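All remarks here apply to the structure that follows.
Chain nomenclature is as follows: A, B, C and D, assigned in order of appearance, with residue numbering initiated at 1 for each chain independently.
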Amino acid sequence: MPDGANRAGHWVLTLVCTDRPGIVHAVSGAIVDAGGNITESQQFASLDTGMFFMRLQVEAATDRETFQAKLAPVTDRYGMTWTLDVVGRPLRTLVLVSKAGHCLADLLFRQRAGQLRVDLPLVLSNHPDLAGLAEFYGVGFEAHSVVSPEQKLAFERRIIETIDEHDIELVVLARYMQVLSPELCERLQGRIINIHHSFLPGFKGANPYRQAHARGVKLIGATAHFVTGELDEGPIIEQNVVRVDHSRTPAELMAIGQDEESRTLTQAVTWFAEHRVLLDGQRTIIFR
Amino acid sequence: MPDGANRAGHWVLTLVCTDRPGIVHAVSGAIVDAGGNITESQQFASLDTGMFFMRLQVEAATDRETFQAKLAPVTDRYGMTWTLDVVGRPLRTLVLVSKAGHCLADLLFRQRAGQLRVDLPLVLSNHPDLAGLAEFYGVGFEAHSVVSPEQKLAFERRIIETIDEHDIELVVLARYMQVLSPELCERLQGRIINIHHSFLPGFKGANPYRQAHARGVKLIGATAHFVTGELDEGPIIEQNVVRVDHSRTPAELMAIGQDEESRTLTQAVTWFAEHRVLLDGQRTIIFR
Amino acid sequence: MPDGANRAGHWVLTLVCTDRPGIVHAVSGAIVDAGGNITESQQFASLDTGMFFMRLQVEAATDRETFQAKLAPVTDRYGMTWTLDVVGRPLRTLVLVSKAGHCLADLLFRQRAGQLRVDLPLVLSNHPDLAGLAEFYGVGFEAHSVVSPEQKLAFERRIIETIDEHDIELVVLARYMQVLSPELCERLQGRIINIHHSFLPGFKGANPYRQAHARGVKLIGATAHFVTGELDEGPIIEQNVVRVDHSRTPAELMAIGQDEESRTLTQAVTWFAEHRVLLDGQRTIIFR
Amino acid sequence: MPDGANRAGHWVLTLVCTDRPGIVHAVSGAIVDAGGNITESQQFASLDTGMFFMRLQVEAATDRETFQAKLAPVTDRYGMTWTLDVVGRPLRTLVLVSKAGHCLADLLFRQRAGQLRVDLPLVLSNHPDLAGLAEFYGVGFEAHSVVSPEQKLAFERRIIETIDEHDIELVVLARYMQVLSPELCERLQGRIINIHHSFLPGFKGANPYRQAHARGVKLIGATAHFVTGELDEGPIIEQNVVRVDHSRTPAELMAIGQDEESRTLTQAVTWFAEHRVLLDGQRTIIFR
C-alpha cells in the first residue's frame, strides 16, 4: 500500500519488451538523467514468452513531459510497451453488480478507508437492490432491467457510454450475474476484472458452490480474473481458498465463500490500480 | 492423535444407518450397559442421502465379544453398518510407489515417530529406486517392472497376494504412477487411497503441474482421495494448497507441491487408520 | 451457520458438569423422553479441570417449560450448569467503539446479511466518528466524551444502564480504545468480548503493530478474547494471522491487520451467539 | 529455487549501503561493463535505518576476479558491504541436534532431493539418538555428552574446530536443546540459525507447547531466527503457524508443531543459502 499519493513527484513506471541484456542499465540511466531515485523495483523475464517485465517506483521532482522525454530514447530502442503514472492516483473505475452486495460493500468500504485508490463515479446494476449501499457511500447508482436481448444490448450501450463519459480505466464485475457479449469483452480486454465464486479451473460456469458440494471438496475458493470472450477462462489475477467440511450445505458454502470473493476481488482491483498486474500471454505477472 | 493405544479397553466405534430419532440414546444405552464411558463422540446427518453417521470413542473394561453382544440389538434394530476397533491399533497397510520418494519418506518417518498408527509389512514398486529408503526403516520392499500388459497383470496379482498374505486393510498409492485396472479398483473400493498432485477437480490426469503453470493459477495443491474406476474422480478425503507466483517454472511448482502431497496423503492415511473417514455417497464424512 | 432460526422447535442445549460415566446416555434419554431428535452433538472432557462439556442441537416440537422439565432430573443429578435456547435466536448485543470503524462495519454488514444472529439496539462510543455508519444500518448510536475520570465513570454507568434497559446478553469491544474498570470487567465476566490487534500473548498493551514492526515478525495477527480484570489476559476465543514482510511500515501493518481483526471478532461473536463458546478455566472450548 | 547451479556464469550479488540516489544505475552500469545480464533483482530502502539493500542474479561469462574488479569502483564509492557468489553453490553447513529428529530429517531429505543447496559434512549432537539418521544419508555424526560445564566447554570447542576444519559458513540449531555461551553466539553472529518451537515473541524459553496449552491459544507456531546472546531474541527469519483447538494436549501440540518447525527451519536455511537474508538492525530483509 503505497503512501506516496500526496508526495510530489512519486512515479510508477511499467515496462514490457522482448528480453535482452542491458535493459535495467538503460532504464536506470534514463531515470538518473531525469534526476530520479528508484524506491521500488521488480522485474521478471518470462521463459514462456521471452518477454521482460519491469515495474519501478521513482521519486523525481519532474513533470510528466520531461520525464517521458528522458525515457523515450530507451522505450523506443527496446520497443517497450510502457505506462507512467503518479503513485496513488485513483483509477477511474466502473463497478457492475446484480443483487449480492458483499463485493461492492468491501470495495466501497476500502475505497472510503483510503486503502483502495479508485474513483467510483457510478455503479451499474441489473437490479435495484444495492442502491442504498451505493448511496450511503455517496456513489451514483443506476439499475436497468436486463431480461430481454434488447435490454441486454441497451445495458451494454450504457456501459460503453459510462466508460466514455467518465473516462473509465477499469471495469469491475462485482458479482454481476450476466454474461457480457464477446464484442464488449474484446473491447475492454485487459481492463475488465471478474470475480468467479470458485477456485478455477474447478467449477466453471453456474452454481459453483452447488458443484463444490456435490464433488465433496475440502476447500472452496474464489478467483479474480480478467474477462475474455471465453467464460471463466481469462488470465487469473488472484485466488484464495477456505477450508470447509462435510457438514456444510450449498447455502452455507455460499455464505462462507463470500468472504473469499470480497477479499480476492478487492485485492485484484488494488493491484491493478497500483499498476502491479501485467499480462504475459494467458498468465499474469503480479509485482506485489 | 489418540494416545490411548496402550490403554486397556479404549474402543473406537463407527455406525452408519438411515437417520431417524432415538439413535444416540439407543447407542449410548448399549454403551452404558457395557460399562462404557464415551470419551469422544461425533455425528452427522446427511441431507443429501438421509443417512446418519456416528463415531464414538469409549472406555470400557470389556472384551470385544461382550461389547459386540451389548451393541448387537441396537445395530440390528437400526440396520447399522458398523466397525469396532481398539483405539490406536496399527492398521495393516500396503504402500505402492514408483520413483518419487517424498510421500513414502513422510509416511515412514511418521510411522516410526509414532504419529501414524500403521503396520507397513511391504512396499511394492514398479521401480527399484526407493529400496534404500524402505530398508532404512526396516520395511520390506519389492520392485517389479510394469511395462507390458502381462507385467501389469502380474503386478496386480502380486498386490492381491500381498493383501491376502498380510491381511492388508488399506492400500496407499504414494505417487504410484500407474493406473490400476477397474477390477482391482472395484475389489479394493473404500480401502485404497491415492494422492493426486493437483487441487481436484482442477487438473485431472497427467502432468498437473504443467497444466497449472499454463493456466497461471496462484495456488497449487494436492488431493488425497479414494480410488475408483474413474480416474481422479473418487471421493475426496483431504486437500491442501500453497501459494505460488508467476516466477515459478513447472519444475519448481512440482518441487513446491511435493510438501502438500506428502502432508495431504499422510493426513488422509492417519484419519483412515483412526476410523475417522466414512463414505456418504460420492462424498466423505471426516470426523476430525 | 445454522439455518434453523425459523424452524419451530429447533433447540440448542449446552451442559457443563464434572466428568463421569453415563452423562451422554442420561441426557439423550431425557431428549428422547421429550420427543426430541439430536441433530448436532459435540462433547469434550477436559483433562485439565476434570469437567465435561456438551453442546447439542435438538429438534423437538415442545415448549421450553416442558423441555426443561424433562431435562431437570438429569441436570440436577449431575449438578450441571446448562443453557437452553432456540437455534438462531438473535442475541441482544451492545457494541462499544471508538474511532476505527472496520470491526463495527463488519458486524453490521453480517448482521444485516443474516449471517450473524444478533440484535444490536445500540452502539456506544467515546467519539462521534462512527455515527453515520450506525445510522446507515438503522442502529442507535450514542457518543460521550471519556477523558476525565468522572466521564469514564459516567460512561460505565451508561453501559450498565443500557445493559439493563435492553436486557443485553453480550458486550462487544469493537476496537473500543479505553480500559474498563475492574468492577465492570468483573460484573460482565463471560459475556464481554474484546478484539486485540495482535497475536496474543505477543505484543500485549498499546501499539501492537509498532511493536510487531520493531520485532520484525513475519506474521501479524488478531485475538478475540473474553475481557477480564487483567489486560489482554482473558480466555482466547479466536485468533488469525496474516503474512507480512520487511517492507511494511507500522501504518501498513495496521491497515493489513484490520481485516484479521474484523473477521476474528465477527467469528468470535458468531460462535458466542450460537452458544458454541464454553469456559474451561482460563481456556475456551469452541464447539464449531 | 534457482536452477542455475550448473549454468556457467550465473552469479548472485548482495549489496548493502547507506541509501542515496543513483545506486541502481551505478550497479547496473558495472554489470553491463562486465558483460552481465540481470535475471533477478530486488531492492529495499529501510526507513528505520536509512540503509539500502539489493540482491541481484546476473548471468555473465566471466570469472570472479574480473567481475569483482568491475564492481569495485561502485562498491568503494558507496561504501558497500557486499557478497558475490555462484548461484546454487552449496553452503557449507554444520547442524547441531539433540534427540528430536524431525528437523534434521527434513534438512537431510531436502538436501538429498536437491531442493536445499547445502553441504553437510558433519552433525554434532549431545545425544547419540540420531546417529542412524545421519548415517542413512551418508553424513558424519558425532555425539558428546554435554552435562557438566566442562563438557559444555569442550563441546563448544569442538564446534569451533569443526567450523575451522570444514570452513563452515552456517551453523544450524535443529532442535539443539542447549543454550550456547554468549562468546560463541557473538563469534557466530549472523551465521547461526535456531528454530524455536513457538510463535515468538510469545512463549519464549522452555516448554513453549506447555505454555501454549495453558494460555489456550488457537494457533501454535514456530520461529526460525538468528541466534544472539539474548535467548530467543535474535532477528526473525521465518515464522509459520497451524490451527489447533481445545482438545489438544501439550503432547499433541508438540507433535502437531513439529511439522511447522521442520518446514520453517528448512525454509530459513534455504533462503540463507541462497543469499536472500540480509540484516537491517534487529530485523531481517528477506528477498524471496
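Note that a contact is a pair of C-beta atoms (placed from the backbone, for glycine too) under 8 Å apart; a residue touches a chain by one contact, two chains touch by 3 or more.
Keep in mind that what you see is a predicted model, and the values were worked out from it rather than measured.
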Hop count on the shortest chain-contact route linking subunit A and subunit C comes to 1
Separation of subunit A from subunit D in touching-chain steps, minimised, is 1
Relative to subunit B, the most remote chain by C-alpha centroid is chain A
Distance between the CA centroids of subunit A and subunit B (whole Å) is 41
Note: subunit D sits from subunit B at a C-alpha centroid distance in Å of 36
Check: subunit A positions touching at least 2 other chains come out as 249
Touching subunit B in the complex, subunit D uses residues 1, 3, 101-102, 105, 109, 113, 115, 132, 136, 249, 251-252, 255-256, 259, 263
In the complex, subunit C touches subunit D at residues 44, 46-47, 199-203, 214-219, 221, 235-241, 245-247, 249, 280, 282-286, 288
Per the touch rule above, subunit C residues touching subunit B in the complex are 20-25, 28-29, 31-32, 35-43, 45
